[in-house]
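Attaching a single structure in structure tokens format; questions to follow.
Each chain carries a letter (A, B, C and D) given by its place in the written order, and its residues are counted from 1.
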Amino acid sequence: MADVNRVVLAYSGGLDTSVILKWLEQTYGCEVVTFTADLGQGEELEPARQKALKAGVKPEHIFIEDVREEFVKDYVFPMMRANALYEGLYLLGTSIARPLIAKRQIEIAHQVGADAVSHGATGKGNDQVRFELGYYGLDPDIRVIAPWREWDLTSRTRLIAFAEEHGIDIPRDKRGEAPFSTDANLLHTSSEGKVLEDPWEETPDYVYSRTNDPESAPDTPEYITVEFEGGDAVGVNGEPLSPAALLTKLNDYGREHGIGRLDLVENRFVGMKSRGMYETPGGTILLAAHRGIEQLTLDRGAAHLKDELMPRYAELIYNGFWFSPEREMLQAAIDHSQTHVAGTVRLKLYKGRADVVGRKTDRRFNLYSQEVVTFEEDKGRYDQRDAAGFIRLNALRLRLLGERNRDA
Amino acid sequence: MADVNRVVLAYSGGLDTSVILKWLEQTYGCEVVTFTADLGQGEELEPARQKALKAGVKPEHIFIEDVREEFVKDYVFPMMRANALYEGLYLLGTSIARPLIAKRQIEIAHQVGADAVSHGATGKGNDQVRFELGYYGLDPDIRVIAPWREWDLTSRTRLIAFAEEHGIDIPRDKRGEAPFSTDANLLHTSSEGKVLEDPWEETPDYVYSRTNDPESAPDTPEYITVEFEGGDAVGVNGEPLSPAALLTKLNDYGREHGIGRLDLVENRFVGMKSRGMYETPGGTILLAAHRGIEQLTLDRGAAHLKDELMPRYAELIYNGFWFSPEREMLQAAIDHSQTHVAGTVRLKLYKGRADVVGRKTDRRFNLYSQEVVTFEEDKGRYDQRDAAGFIRLNALRLRLLGERNRDA
Amino acid sequence: MADVNRVVLAYSGGLDTSVILKWLEQTYGCEVVTFTADLGQGEELEPARQKALKAGVKPEHIFIEDVREEFVKDYVFPMMRANALYEGLYLLGTSIARPLIAKRQIEIAHQVGADAVSHGATGKGNDQVRFELGYYGLDPDIRVIAPWREWDLTSRTRLIAFAEEHGIDIPRDKRGEAPFSTDANLLHTSSEGKVLEDPWEETPDYVYSRTNDPESAPDTPEYITVEFEGGDAVGVNGEPLSPAALLTKLNDYGREHGIGRLDLVENRFVGMKSRGMYETPGGTILLAAHRGIEQLTLDRGAAHLKDELMPRYAELIYNGFWFSPEREMLQAAIDHSQTHVAGTVRLKLYKGRADVVGRKTDRRFNLYSQEVVTFEEDKGRYDQRDAAGFIRLNALRLRLLGERNRDA
Amino acid sequence: MADVNRVVLAYSGGLDTSVILKWLEQTYGCEVVTFTADLGQGEELEPARQKALKAGVKPEHIFIEDVREEFVKDYVFPMMRANALYEGLYLLGTSIARPLIAKRQIEIAHQVGADAVSHGATGKGNDQVRFELGYYGLDPDIRVIAPWREWDLTSRTRLIAFAEEHGIDIPRDKRGEAPFSTDANLLHTSSEGKVLEDPWEETPDYVYSRTNDPESAPDTPEYITVEFEGGDAVGVNGEPLSPAALLTKLNDYGREHGIGRLDLVENRFVGMKSRGMYETPGGTILLAAHRGIEQLTLDRGAAHLKDELMPRYAELIYNGFWFSPEREMLQAAIDHSQTHVAGTVRLKLYKGRADVVGRKTDRRFNLYSQEVVTFEEDKGRYDQRDAAGFIRLNALRLRLLGERNRDA
């Protein structure tokens, strides 16, 4: 196999990717370029720069970028338009961040003339697939290095020994009890492993980091509004906000009221079931609100088609096929339906729940007609006798079936 | 059109069906047979008998039946196996009761030699369709009388005048303010109309009848378990229960903790949007629990296929096609998947939420393997290097696309 | 009901619409505006003008238009991109023409200030639905007059008597034996009724009008090429052609070689089964060719998604929902996939068959890689060992199922 | 990795599996058990026994079985019930045979105490996946040996050298020009490779082995009937036949009339496009006939659901997931629809075409009503005025959309 000269590593500055940085240099004798994205995970990124410098990465090869607006605008929002839930419950917070990281790694690789990319995802999970399908789709000739599938650091003990040997900072909690495997960005935080591996065990409270326990959340409900245009949220409580600012705001509300916790046993693309804990505070509010505004503004035919396409769409994102023709086709269909999805949704936030309690829009977008639906006098907007013919023709084939059954 | 001699009326004993009873006699000069089902709506049924007698129905033509067990076992449970939600949110509590009523009406019609059936659903709603598709499918030659589409009682005032004229009891609240249009059975209670017709107005608290307000629900969470066999719940807290007894039990828990309230603007089959309020306390718990046990015991391929088929299945039930070949085909597929859906789910009930916090099963049913999924040593149960080939072949077509894009 | 002042009639000049023209004047005392479209049905349209004038229609109210290019470009081609077949076999030749006629009728109604539209489709068929869903979607307030559902001309005898009484030309074959119900346009000709109503009877040869009998077609195969760009055919045998000219050309080839005959019992939207005979000579060649070029240029993910969406798409067109959000959503998805569907397909035409025998494209569009697929030396384009991991991870969930089955 | 003691090889007696037999003994030092299935491929199987004996396989370890009836009854017929076509065109002749072979290998492995199974499929194709998913699903612990992914016989030259060295018979055409890669069974024969690798080249006539060239097929059409019960063909021309005898009979007709040739560029599960030539003479007739009888006997709801599920079902079989919960779920749905699919279809066979020209059934199965559909007097079976209400309620949502568009 050809030598590797320069590799772009998705680098968080944490223990694992710090070890990988060193291991790449040692194993491939190559130059490492680091890419650290601010996806809203809530950590300082400057320490990552210092660690990379200390590890010998050239200053011009350290890429640290705030991609929060792009993340929400071009990845989270399109997904929200679909009301995407994986296996009925999961808002895909990890899945949706990977394509953006992969895309930037490939762009940086082309910029700095790197011939390889690398990531810190293990060989058992979905993230390796999501990264690498992204890499290959965007650069079919790129060399991919997945250390977890290659090296002999097959236990945490050996990983830590390697770190100590190479002067890599080891977070205190990594020396003591091994931590949960976590992922965080502006949309969510996830945790897997350790006690969570027993699906009968209730998730301990200390696992949660993004939301209050509903029991300690405020005893008084709070009402908010979310404003929509073209299928996307554009404001909260009447204040226009950029995509990332809006999600941040909703995260604050969600944290306060303990909204968006999920305990799930899910099916990974690599074929096994795993148990995870997710916190998606703002995203949970956003999804409820989006369904709420669609209720007023989306035609039934469009709505039902969306509902039927959604599980496939969610599966594609979960499995790492964001950059695929079929995801784009579904997106084209979904986006087509969202032009008139606009208006205001009112939600009640209370101890873990985000309930839509009202929605309104103006006549340019509205499909709800009180005149037509009313139990009162409807001024001829609806002729109840039409229903007789409607039912009789819908029933015709069932009557022919009934005749057959009777005769048989 | 031929004369009607005898008609089987779906009769609740309330104002509307009492007026219809009288109207049928007057209009068609026919004998009326009443069918009153105990679906768990929580009302005494003996008053219906007395009212029917008083209205002149022959004692042998008054049919009052407790169909709660059949309702839950043969209608609610099959639907729960599908995790059915209409438009992402609605548990179909009204829709699922109509086919059973229609079936019994037709059976009684055959028993008493009736040539027609009748119901009290209006010409704007879905229930007329659900009743009548049931009627026609089960007896293609039956005559259907839908008074609301025929008569001239086009306002509540005229309806009440008719009732007074014919000595029909008028419930106090019907004289005063007009009531909400409601439906109730063991699965749910729904309300529509009046103030709810404005989708921006929050549902007033007095509309709810089946659940506590979450704010006044207990401040302490309660934990319960639900036991499953063959895809159906069979016990609560370890106590085996019949289908109806089980749903009743879960309704008690749901009521206490304010679980299962839904404010929805939905798309009716007849083409309009309407706003309704639903309370489905036990059903909401049951759905969460069923998804929980499927997480451990249902294969991914089966689970994802179910998720893709569900919106269509729910739409069929909502639209009244319970007795249709396509609903039965989907049911056959769904039921095939449920053989091994067995085990115990633990839920936390708290202020409107029913969260799965644990699930377990035995090895005859289990598909979750801690050995395979663990971050720790897995004793060779999973070879991480397999993932490389898995990804590369999944990526192959995307790489060919990438090459094309690069060359273009 | 309000008076009708002016009505736009879809007018062919044949017996039925001539009777309708007169009946509309008599029944509604209204002015009739005629719209006659040249959809490529192969009839002179000037006689329609003369008949309309003779029937008293004002010259400025006679609209005769050649819409063949619009028909093929904006209706037939989008449908071909989907490879649409209703019930697996039918190319939707009638269905696809109705929306265009409906659209022009509404546009003319607005232009001439008409308050109603009318058509000659019967109350048993699909065409009434297709026309009227088009009308209502494009003008929600339009008045629709469907004479066949209103009048008392319930038999052909009475229709002819009415015609004679009002001096309407009666085609010779309408006096003798009643004709088949037919529809024709550039895409197809259909026949229904009479002897065809017995689905066991073979379609008599005299029913066919657009194609040679395969038995009398040339004994020597003919080869042609069809060129594609952006998912649409743009040329035949290397000669660039406009959409209508291209379909006309393919119709000539199809006629010669007896291609595109179909004997079908289909399910109508109104609930009954009917038996029809269709001739779609050029369309049949086009569909085969389109699938042929997609084979080289369309990604698997896109192709399979298209195949799964197609039956729904075809059903929507058949049922008359061309102007619906869900058809447009599916179209958006389909069209997104067609950008690179370009190249040349070679077909062999012989006695009723149009077989793709070769397809080629250039590297900007090509996804077929002989290098990758070859049984010979592939220069490392494909590592067969990757397949081991691919299979093992695809098998993982099946192995876990196998373990469960073994243990149970 | 543990030693292999005994391996069950899917053995045809041809060059490749003969080389594999020897290579397995040499490489693994294990005992080889051969399984040779008569799937109707049209070859004598006794030579396979002699070759196996000559290669040193113990007589009691040579398994030769006629599985033709099982193949057609339990694999081909269930697939035909679904009208399965992969990518719109391919009847899945190779795909459907693999699961049966895999199942028998595993059964034999258990019977003779073997710890491994092996097959002769290459690492680029779909068959390796189909075999191995079958193996793993039926025995999660089985060891799988795929020589083509392991050995160094990476060219045909080296393969032949190995064969000569070990005294393995080399078919004459393997010494001369390399043959096409072919597969044959009672359902079809496929060819890939060599000249076919250029998708622009027309398939040369000498590639075909199962069908006459349509040009040299009889100049006179032949009519046959196929009889169905419960969704399966049970007779031809009124003569009851077992499943395999029936397919053999239809193959004879198909061969004679040049029916069932297909030139296809398809998408393999492993990610590449490949070009193949298929001959499926009897299967092509059977599929046409099955659709024909469904037209009379299958309800629209069931038929359309089947059409929507079919592409997924076909993909599952193509990809090797016959033994999967989701294929079984779809089969359960499909089979549920087939109870009343019974009657007689008449087909015209002529120069490559098998056209349904008539179908009939009795009233126990029939859903076609001439009374309802007729253009003539229908005795009140259908009230055309019902269509008005049917259309108006189907149009209601489109009118609300139209109002919005008008107001916007």
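Note that a residue touches a chain if its C-beta (ideal position, glycine included) is under 8 Å from a C-beta of that chain, and two chains touch if they have at least 3 such contacts.
From a predicted model like this one, the values you see are computed outputs, not experimental measurements.
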How many steps does it take, at the fewest, to get from chain B to chain D if each step moves to a chain that touches the one before?
1
Count the touching C-beta pairs: is A-B or B-C ahead?
A-B
Using Cα averages as centroids, what's the distance between chain B and chain C in whole Å?
40
Chain A to chain B, mean C-alpha position gap in Å, rounds to 31
Which residues of chain C are in contact with two or more other chains?
267, 270-272, 299-301, 304, 312, 324-325, 367, 369, 372, 382, 385-388, 390, 392-397, 400-401
Touching residues of chain B toward chain A in the complex: what are they?
83, 87-89, 122-124, 128-129, 132-133, 136-140, 146, 148-149, 154-155, 181, 192-194, 197-203, 214-215, 219, 221, 261, 263-267, 270-275, 291, 295-296, 300, 303-304, 307-308, 310-312, 315, 323-325, 346, 348, 350-353, 355-360, 367-370, 372-377, 382, 384-388, 390-392, 394-395, 398-403, 406
Looking at the complex, which residues from chain C come into contact with chain B?
299-301, 340, 363-367, 369, 372, 382-383, 385-390, 392-394, 396-397, 400-401, 404, 407-408
Where on chain C is chain A touching in the complex?
267, 270-272, 299, 301-302, 304-306, 312, 321, 324-326, 328-330, 332-337, 393-397, 400
